[in-house]
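The structure that follows is given in the form of structure tokens.
For clarity, chains are labelled A, B, C and D in written order, and residue numbers in each chain start from 1.
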């Protein structure tokens, strides 16, 4: 982990854009212009609010760039890396307004190891599509809860482990129902997320802006 | 269809209420008072904003009246018909504020061809009640997603086709999971809605103001 | 003209649907309209012309109806007593 | 180098996954990337080195592939014609 962290700091930044105090679409337009001017390389966009982070990041991702975000004091630095293969998006710039709610964002509640009723084989396919697409969705959910058979997705041998770990690395909180793990004798096999109790799970559900039950 | 339309215009309007420039609950209170005074008949309530249309309509429907809405320039006319059998609602008047969000409204996620667990026979009855009642509900959902066995509701031979098509005609977007149709070999049998992929479905779920999972 | 038939229980509705469809009668299961007070949440919708046949068939099946309502195109309705 | 294989139907994807895993080939089922137009919502991801073996195995199984795409680490991709 440490070595990866060190590598990240060695990135050569070709340009810095100061988007502080500017409202959307300005920081996005500045990002767009800079990306169009350069062949390949890394730029850093400094902004002072979360919606700006989202708007710049979304534009950069849609342009096939790699995006990393870090906080620096009260500001955020969006590191955008343009590759030879990146294509600067021609789509209209989307300004996502300030999130209306001070809330806890979207929580996804996963209560099964398949999605929907009918065919479990199909339901398993649908579940496999869920995690990678959640990673690309905007706004991203902030929390995932795994209950009953869903808890099995987070344990050793699960084919979903890589995908769920990726979500966790991206800052999405993963909660696995401890009683469920206990019931299936899987408590020591859990590989991703935080083992959670009923009070915490219920609290997460009630404080979410939105719960998507799968 | 033309003849029905002509008939509609022949309605005798017993009273007109001018609710322009007034904020909720005033237009609703005026509607209520007028409905209480009359035996049966039709009144027209003129208002100048959509929330007022919603608030008056909701109250009238809860009172067992028939409601029709038409636009006239910048105003809306809510036509309320009281029958002998209508009972003016005694419930507290609900003022729905201007929709706070510019968002994507309500999404209904249908993951099965029955509703709930226990009896599939009952679950099928419940599903048959869902679509006609969604059509009358306020606010109406904006999008419906059909996954796993739910996808079968949108294909040739489905007893739900008429009802789902009616929702689509009313402007509700219908999305059917393409992989699910593919899995059931029903891709060329789909009769209503748009065939959708995983990225689109996940995006619809996260950007909805609210997801109702059925 | 739409005709809506209500029943005392969902079991009667389900039985009636099965029997009437078997007889080839054009009917539809619908949620009982708000305006009609009925103990049962689902009702059967059909055309006016089918009513007498339905009465006969359901009478033979001891599948007792609760009420029959006639809806006009304007949404007005009246109960049909017999 | 990531290699993504698409199929005409989810049934081919599922069959391919089963067969290839049985042969011990390192593959992953993924939702077909947005950038690739495909009739099928899922695709198979593998390493470049496995492609020739996969072609042979799936050819024998009559599990016909739709397209093979090469993705570089930077997210760029190109279709591989054969």
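In this section, a residue touches a chain if its C-beta (ideal position, glycine included) is under 8 Å from a C-beta of that chain, and two chains touch if they have at least 3 such contacts.
Please read these numbers as outputs of a predicted model, since none were measured by experiment.
Degrees of rotation, nearest 5, to put the Cα trace of chain C on chain D?
When the C-alpha atoms are superposed, chain C turns by 120 degrees onto chain D.
Centroid of chain C to centroid of chain D, CA atoms only: how many Å?
Chain centroid spacing, chain C to chain D, equals 55 Å.
Compute the distance, rounded to whole Å, between the mean C-alpha positions of chain B and chain C.
24
Please tell me the distance, in whole Å, between the geometric centres of chain A and chain B computed from their C-alpha atoms.
The answer is 34 Å.
I need the residues of chain B touching at least two other chains; which ones are they?
Expected reply: 177, 179, 183, 198-199.
On chain D, where are the residues touching two or more other chains?
10, 31, 34, 41-42
Name the graph shape formed by the protein chains and their touching pairs; answer line, ring, star, complete or other.
Looks like something else, not a line, ring, star or complete graph.
Please list each pair of chains that are touching.
Result of the pairwise touch check is A-B, A-D, B-C, B-D.
Along chain B, where are the residues that touch chain A in the complex?
Residues 100-102, 109, 111-114, 147-150, 152, 177, 179-180, 183-184, 198-199, 201-203, 205-211, 213.
Hey, which residues of chain B end up touching chain C in the complex?
4, 7-8, 11, 61, 64, 66, 81, 83, 85, 121-122, 125, 128-129, 132-133, 136
Please give the residue numbers of chain B that touch chain D in the complex, ascending.
That would be residues 177-179, 182-183, 197-199 of chain B.
Can you name the residues of chain D that touch chain B in the complex?
Within the complex, chain D contacts chain B at residues 9-11, 31-32, 34, 39-42.
Spell out the residues on chain C that touch chain B in their complex, using ranges where they run on.
The contact residues of chain C facing chain B are 10, 13-14, 29-31, 34-35, 41-42, 73-77.
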